[in-house]
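Look at the two complexes coming up: chain A is in both, with chain B in one and chain C in the other.
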Partner chain A sequence: MKTKPLKKREKEPFFERHLGPILITPSTLVIFGILFIPIFYALYMSLNRISFRGADTIYKFAGLQNFINLFTTDPWFKSSFLVTLLFVMLTVATEIVIGVAASLVLNKKFHGRGFVRGLMILPWAMPTVVNAVMWKWIFNAEYGAANGLLLKLGLIKTSIAWLGTPRMAFFCVFLANVWKETPYVILLAIAALSTIPEDLYEAASIDGAGGWKAFWRITLPMIKPVLLILLITKTIWAFQTFDLVAIMTSGGPQNATNLLSYYIHFVAFKQTDFGSAAAMSYVLSMICFALSFVYIKVFMNKDENDEKKIKKHLKKKLAGAHEG
Partner chain B sequence: MKKKLTLIIALVMVLSIVLMSAGCGKSNNNSTSSSSSLKGQKITVILPQNEADTVGFRAAKTKEFEKETGIQVELIEKSWEGVSDDVTGDLASGGGTYDVIEFDNSWIAKFIKNQWVAPLDQYMTADMKSGMVPGLLDLFSSGGKHYGIVWNNDTRFYMYNSKMLADAGLSAPPKTWDEVAALSKKTGKNAYMDTYKQEQMGTNELMFCVYSFGGNFVDDQGNPIVSTDPGVKEAYTWLAQAYKDGVFGKATLTMDYEEVAQSFNNGDFPLMLQAWPGVYADSNDSTKSKIVGDVNVADYSVSKTGNEQVVLTLPEAMAITSTSKHKEAAWKYIEYMSSKSMDKERALQIGALPIWSSLYNDPELLKKYPYWEQFGKQAQNSKGYPKIVWVDSFSDIVAKESQKILSGSVTVDQGLNEMQKLMLDAQKAAAQQ
Partner chain C sequence: MASIQLKHITKRYPGTTVPAVEDLNLSIEDKEFIILVGPSGCGKSTVLRMIAGLEEITDGEIFIGDRLINEVAPKDRDIAMVFQNYALYPHMTVYKNMAFSLKLRKTPKKEIDEKVRAAAKILDIESLLDRKPRALSGGQRQRVALGRAMVRNPSVFLLDEPLSNLDAKLRTSMRAEITRLHERLGTTFVYVTHDQTEAMTMGDRIAVIKDGVIQQIDTPQNLYDHPQNLFVGGFIGSPQMNLIDATVEKAADGYCAAFGETKIGIPEQVMSAAVCADYEGKPVVLGIRPEFISETGSHSEEHNLMTGDVDLAESMGAEKFVYFACEGCPCIAKVPGSSPIQSGESVSFAVDCTMIHAFDKETGLTISK
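This part shows the complex of A and B:
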């Protein structure tokens, strides 16, 4: 494409010459306003002890004290942090394993596939609050469907207080999250599966690879970029889980479901300790950032090499088979 | 043509930026409340929609207020938690959004210390000061100034299902905690359900239990005494054993107020130790209850020996934010909604307890609510949250650590020692702020 000589462009009207930057300015301003200003403001808050007098907010510089306090004097941060890590690891792993498995099934041709695919999306399409309220009632110790069903089937003799013991409550929140979030994995995994050329499987079959081997050697490497995106987004979303805890357990019992997002909210809006809450938010953001960086480093480079190798190898084999 | 189009696009862009900046900035509307008429002014009111008003009484009366005064009201009603977050978030960031706010009894020390609410003395009439229930006015006062007018006289009372008790061979409800345990043992069922949830409502009910054993979490100066107060230890020892024995249901650790009331109205258990006034009306409403005609109000509340009579009082008030630009219009709204005639109407319609003393002797109200006589007896010693700045931490610590004690994860002594340590830390942290 030819570019106009500089002198000629200079003669164009100002707006025409700068139309590009002018058009992106509003969105840049919005992004700056809703993203960067809060980020830097939160950093400022995290370095200060904050108190209030009427309409005035008083900032007293505290250095890194808010960060240090999280690990030394804060009574709940460490337990909340560990519970969150466990929750993130379990939910992300479960959602991706179940999601990929389900997408493999839904990628096969069978009668009513479209209907089943549509049905699978329902939990994800449901608002999180509705999902949380629904599970809260399912696990209600007195009137819940879970107890009702198990009692009718004779599997239990007395009602279980599902949300009343730490482990059980954690499991219930975990289950509610997996139920809600797995369809998203299925959706993306199906999209990724549909891009894999059939001839790769044909070539693998000629090579004598069975279904399991084809999955490990073809399917998984080919959908790895999508899995990487899922891994990153799912991890970040799992760290952000708030609504489920707020509605189902309020962080209890015994702090067993007091995930960091919920705890940050408590420290900010109940204790009005905005400095500590901002410090916690930064710790949480840094963890998400670090994990995303690690995921990309570990999977992306290896992924690109794997994909190239597979394609090259299989095309060679396929060409050989056709010639033969 | 092309130039013109480019110019138009550019102008639209500039205009949108200007409009956006205007939208993001704070309003500079300096309409003062000292103008001759309040008509046309707009105030924003944020209050919780809770169990006290299930028929939309407030919303209907707000519309009437708008018609009568010409003051526009944007009424925001949501859950208590939602209101709490919105109000705190707004006030902490400089305020200006709300004129009339929820002022919960547990927020008094914090809000006044932060100067988030305006004194109401200049607006209050002599009638109000002398005619409203003194305890309610005093609770929302500090340094000789009044900061809140109660809209929800949320005092709790001991109610029971007389049929269930008769079936268990009892002619009167248990008076002591041991009698409550004995009732459960006799029937082999839960004697009561409550909310000991990890939330403020859980702390409310645990406070009642401790108070009824003659205990206190903090002394008169607001210092924690959890590990040394004998009443606290006795209360938690009883609660831990009762949890094991099934005196109250295990779901108590997760249920909220609405669920407890619903369960009581289903006839699942006979005692509601600290029911709010509206429960009585609901339990006699056949569309909501399976125990119509079976509920009674006791003359006393449950306590350790029967002598430590106490009921929980958790009133909620309306207050004017110190940043409100329409303080007079805001006061007009508060005055209208808390007038004696409105108070009576509210009592007649939704069974809310009056905030005006004389209404407790009103023949019409006493005819409709004869059990208010028992309410009066129980309410002689009502107690609420301690007036401490670190009340949110206090509530959180009590709720979390109590669950560990109840479920047997830690012994009573271990739990109370930990509670004491955490409370001291919270007190110290609050002092540094």
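This part shows the complex of A and C:
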């Protein structure tokens, strides 16, 4: 009796029996083509010394030498790595803090809220290149808007070379990134906030948690999953920041804004050292991967522990019931 | 423990002309179980939320005990509230949900533990303490919500339609449980519901509210026996009281209420002769509860008969609700389940005229005793 349905299934036409695999094959091929081939090819490149002679590319197996060189002989990798780390930490922290704060305000009911919410999205909706060019103009030492405004207000007496000094240039790139990326945090945080039922706050106010206490004990835990996603994606994106520095500072001055992505590009296409660039790409990818892993572990752990406890408890109960 | 006084309470929401609650006066005694009942949008929840401090009071004063609490923060009012959707904190375990308010008050851990476990024991949710709300059924969540309110040992319990999200069977058992809880805790309970059955079965007293105005405050039995106006008459009791437009007429042995060919005698114990004389020839609304309309035979005086075609006979097992039209007026009769009445039949019903009510057509106020 049990074999009957199987037989019937075998009689189904080939197309129907294999509909699933057939449908996913094209997209799998595309993903394979644009993702896996480059990944493996980059791995191959990172393990080789690559040089060019005329139109020929010469691969010479080098083992892990490219990776070792990054940490020993490469003059700028370490500084670029540190600058990137600082940039990522500062931008992600600032974006999330400002983003959550702004979303709390925008979650309140007030006249023209929809308009303001729409307005907030603008910087994020703008292409990064446009954003970068805009900030480059704003911070132009001679005819930039920042200098113009500050001079007119009398806050400064002489023009500042915003992108001319290392610290200032780093700050300007940081500012441009925060300006562009914060709206995304706001967008997701508002979405998360709007799912918190109002009566939770009412219950909390009766329980004795108003204002800050309610924020720490109700709001923050409730939007935690969204914040986790934001933290992961923002970190990865911040590590990948390229266009901003490419347009605003070209990594300068004195490598102050020489973010890894830009440096990789520089090593690959200006120094034509594809082996080292591929090695760096791998290091960068591993960092992103490791960070996501840590975030997920740290944030999800507590919940998982709770679930485990419940399961354990249920098992105990069931066992008890059976014995009884 | 505490009494609650609401004095001339008015609530007007911004941008509205009609107040949600108007000049409401209510005196709730210590340890009383009072029910605020009314149709949705009548302002009963608003009253409760004003007592809780979740809504600002436009005008008037609220006292808990001797203390004026208009400006007191919700957490300092010594109240606890159970919400319609329970409002449990989803990210906290049952234990933490219940311990939350005590923790905020910096109660010692040991004391918190004792209180939470004691409340959990009373509500029979000890085995659920480690679970998160999403892993609980509706009834269990309800218990946790009650437990969260209990641990604080408040002097006033506010319950906002706490049973409306439960299925019918669970609702009946939780109803009894909340009543028992009230007896056990000996605290003032203010309970909001739109369900007249809950109101009738649970409360010491019921305040019937309509359009932000209290229509009548009384014990359940008195509300049923002596509704002060048409609204209360129609709202309390299930199935609803039959309300029929009639005229008071002089009959051979006193007065009767007449509509079409039908005449229902008005005995002296329902309306005195003097009142009847006042209303003679005037329109009144006759109120007859379905339980006092029975199959002919038991009350076979001829002039107290209502005849009509049966539209629908709903059998409930022990009893049967018979929907029929008498003189074009839709009526319901509650007859024993064994009754042979079927839909489509033309049936004569006898009215127990000692149990009828009469209301002034214009003011809606009762004119019967």
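In this text, the second predicted complex is superposed on the first by the 295 of 324 C-alpha atoms of A that agree within 3 Å, B and C clash if a C-alpha of one lies under 4 Å from a C-alpha of the other, contacts with A are read in each partner's own complex, and residues count from 1 in each chain.
The rule is short, and it goes like this: a contact is a pair of C-beta atoms (placed from the backbone, for glycine too) under 8 Å apart; a residue touches a chain by one contact, two chains touch by 3 or more.
Note that the structure is predicted; figures quoted are calculated from it, not measured.
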Partner chain in contact with A:Glu142 - chain B first, chain C second, else both or neither: first
Dominant contact partner of chain A by residue count, chain C or chain B: B
Which superposed partner A:Gln271 touches (first chain B, second chain C, both, neither): first
First, second, both or neither for A:Asp199, with chain B first and chain C second: second
Touched partner set for A:Gly210, first chain B, second chain C, both or neither: second
Residues of chain A that touch chain B when the two form their complex: 13, 15-16, 19, 22-23, 25-26, 29-30, 33, 49-57, 73, 75-76, 140-142, 159, 161, 163-166, 169, 246, 249-255, 265-266, 269-274
Of all residues in chain A, those that touch chain C in their complex: 197, 199-200, 202-210, 213, 217-218, 221-222, 224, 306, 309-310, 313, 317
Residues on chain B engaged by chain A in the complex (per definition of touch): 2-3, 6-7, 9-10, 13, 16-17, 20, 24, 81, 84-85, 88-89, 91-96, 110, 114-116, 197-199, 249-251, 253-255, 259, 263, 268, 322-323, 392-393, 396-397, 399-400, 403-404, 407, 409, 422, 425, 429, 432-433
Residues of chain C that touch chain A when the two form their complex: 52-54, 73-75, 79-81, 83-85, 87-93, 100-101, 104-105, 127, 130-132, 135, 148, 152
